[in-house]
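What follows is a pair of complexes built around chain A, which joins chain B in one and chain C in the other.
Up next is the complex of A and B:
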C-alpha cells in the first residue's frame, strides 16, 4: 500500500475513532467527581481490615492478589520469550574477550560520569530495599523496588563495564531470583489454602498498622515480586547488552 | 477540566497511533506504541481522581479521609508492567529483524525472504 493511501486510510479511521472516543468520554463522570463504590469501600476499611496504610499495595497484594499473580507471570513469560528470541543463532558465536581483563566499557563515559554512577550504586540498592520492604506502609512495593534494584546494576554497567556487571549478577543467581520470586508468590498463595482456606488469603497476623512488620502476607508477597522483577529486568538487560557487545555474526 | 483530562488521553492514543502508521523505523514504532499505552494511564488516573482528595496512603492522614481511587492506581501499575514486557519483546523482534534484513525500516521488510 502506498504511503499516501495508508495515511488517508488512517486519517479516515482516526477521525471515526476520535468521534467514538469523544462520545464515550462524554458519558464519563466529570473529572474529580468519582464515586466508585469499591474504591470508597477500600479507602475506608483498608487500615482496619489489613493494617496496611498504603491502599494501592493492599489492593495489589491482597484484595487483587490473584491478578498480581497473573501479572507476575506475564513478566516471567515475556522474559523467557525474550531469551528465546535472542538466543545464540546458528550463524553467531559469542566473542570471548581478546585478553583477560579486557572490558566492554560504555563508550563516552567520562571520569565524572563513572565516579558519580559508582557512588550512586550503594544508595540505590538501599533505596530499592527500602521501597521493597515499606510497600505496605508508604508508596512503593515489589514492582517499583525491583526495578530500582535492577537499575543499580545498570549503573554498574555505565560506570564500570559490562563484564563487571555480569560478574556481579551471575546468570544462575539472576535466574534463581526470577524463578524463585515467581514460585515464592505462588507458594505464599498455597499457604493461604493451607492456613486460611482460600488461595492467596492473608494468613499471617496483621501486626500494628504503621509498623514495618505488619499487614500479614503483603510484605512477603512484595518481597517475592521484588526478587522476580529484579531478576527479570537484569536478565532482560543482559540479553540486550549481549546482543550489542558479545554476539558476533560469523 | 474533564475535557482536558479525557482529551489528553484520547490525544495520546491517536497521536501514538499516527506515529505507528507513519513510522519508518521499528524502534521509533515501539516508542510510539508506548505513547498509545500511556494514554490508558492518563485515562485510568483521571477516572479515579476525586477533587480535593489525598493519595490513598493512610500513613500520615487518618483512615477514611477523602482519598482518590486506589484500584485504578493498582491497575495502572499492572499496565506499566505489561507495557515494559511488551516493549522488551518488540525490541527483541526489532533486533532480530535488523539481523535478518539489515534494516529497521518496516517498508523494507519483505515477508518472503531468507
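Up next is the complex of A and C:
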C-alpha cells in the first residue's frame, strides 16, 4: 500500500473515531451523577441486613459472592497456567551458586536497604492480618490483605535473600494455601446449600454490627480469599524469581 | 474535593504520557509504579478506598516486580549466550 493510501485510510478512520467519541462523550451523564438504584439501595439496607459496616465487602462476599467465586478461580487458573509455562524445561538446569553456601542474593542490596526492609516486614504482616480480618468493618478485605501478606515475603527477598524467602514459604505450603483458599471458598458456599438452602447463603449468626466477629460468613470467605491470593502471588513471584535467578539454559 | 479530583485527573494524564514516553523498560517499570500510586490517590479522592487499596498493592508492587524479573531473565539469558561464546571450547559451561 502506498504512503498516500495509508495516510488516507488513517485520516478516514481517525475522523470516524473522533466523531463517535465526541458523540458518545456528549451523551454521558454529568461528572459524579449516578442513576443506578442498586448501590443506593445496598447503602440503605446493608447494616440492617448483613450487620457489615463496609458495603463493598458485603457486596463482594455476600450479595454478589458468586462473582467473587468466579474471580477467585480466574486468578487460580491463571497462576496455575503460569506455573506450568515457567516450569523447568528439559533444556534448562539450575545455575549453581558462585561459591558454596552462597545465596542467590538480590544484587546491589545495600546495608541500608536490607535494614529498612527487615524493619518493614513485621508491620506489613500485622497490616495484612488487620486488613484481612476487618474486611466487614473497614475498607479492605481478603484480596487486599492477601496481596499485602505476599508483599511482606517479597521484602524478605529484598532484605535477606531468595533462599530465606523460600525457607519461609516452602513451595508445598504456598500451593496448599492457594488451593486450600480456593477450595475453602467453594466449601463455605456448599455449606450455604446444606444449612441455609442456597449456594453461598449465610448460615451463621450475624452478631453485633461493628464487632470483629460479625456479619456471618463474610469474614470466613474473606480469610479464604486472603489465603488463596497470598498463595497465588507468592507462587507467581517464586516462579519468576526461579527463572530470573536460578534457571539457566543448559 | 472537586479541585483535588481535577488536579489528580490532570496529573494522571501527564503520568500516562510519561509512561509512554519513557523508552527504557527498566525506568518504565518504575514510572508505571508511580503512575499506579497516582491512580490509587484518584480512587481515594473519588471515595473508593477499597479499590484504592487493591490498586496500591497490585500496581505499585506486583506488576513492577513482574516486569523487573522478566527483564532480569532476559538480560540473564543474554549473559548465558556471552558465557557460551567466551568459553574456550565453545561448550556451554
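By definition in this document, the second predicted complex is superposed on the first by the 223 of 250 C-alpha atoms of A that agree within 3 Å, B and C clash if a C-alpha of one lies under 4 Å from a C-alpha of the other, contacts with A are read in each partner's own complex, and residues count from 1 in each chain.
Simple rule for what comes next: contacts are C-beta pairs under 8 Å (C-beta built on N, C-alpha and C of every residue); 3 or more make two chains touch, one makes a residue touch a chain.
Quick caveat, the model's predicted, so the values are computed rather than measured.
In the superposition on chain A, contact of A:185 is made with neither chain B nor chain C. When the shared chain is aligned, chain C comes close enough to touch A:241, but chain B does not. In the superposition on chain A, contact of A:39 is made with chain B only, not with chain C. In the superposition on chain A, A:143 makes contact with both chain B and chain C.
Applying the stated contact rule after C-alpha superposition, one finds that A:54 touches each of chain B and chain C.
Contacts of A:28 after superposition on the shared chain: chain B is touched, whereas chain C is not. Of the two partner chains, chain C is the only one that A:131 touches; chain B does not reach it.
Between chain B and chain C, it is B that contacts the larger number of residues in chain A. By the touch criterion defined above, A:67 reaches chain B but does not reach chain C.
In the overlay built on the shared chain, the residue A:162 is in contact with neither chain B nor chain C.
Once the two complexes are overlaid on chain A, the chain A residues touched by chain B in the first and by chain C in the second are 54, 56, 139, 141, 143, 236, 240, 243, 249. Here chain C touches chain A in the complex through residues 49-50, 52-54, 57-58, 61-62, 65-66, 69-70, 72-73, 76-77, 80, 92, going by the rule given at the top. By the touch rule above, chain A contacts chain B in their complex via residues 3, 6-7, 10, 14, 17-18, 21-22, 25, 28-34, 36, 38-39, 42-44, 46-48, 53-56, 58-60, 64, 67-68, 71, 74-75, 78-79, 81-82, 85-86, 89, 137-139, 141, 143, 210, 236, 239-240, 243, 249.
Residue ranges of chain A in contact with chain C, taken from their complex: 54, 56-57, 131, 139-141, 143-144, 147-148, 151, 154, 233, 236-237, 240-241, 243-245, 248-250.
Across the complex, chain A is touched by residues 1-2, 4-7, 9-10, 13-14, 17-18, 21-22, 46-52, 55-59, 63-65, 67-74, 77-78, 80-82, 84-86, 88-89, 91-93, 95-96, 99 of chain B.
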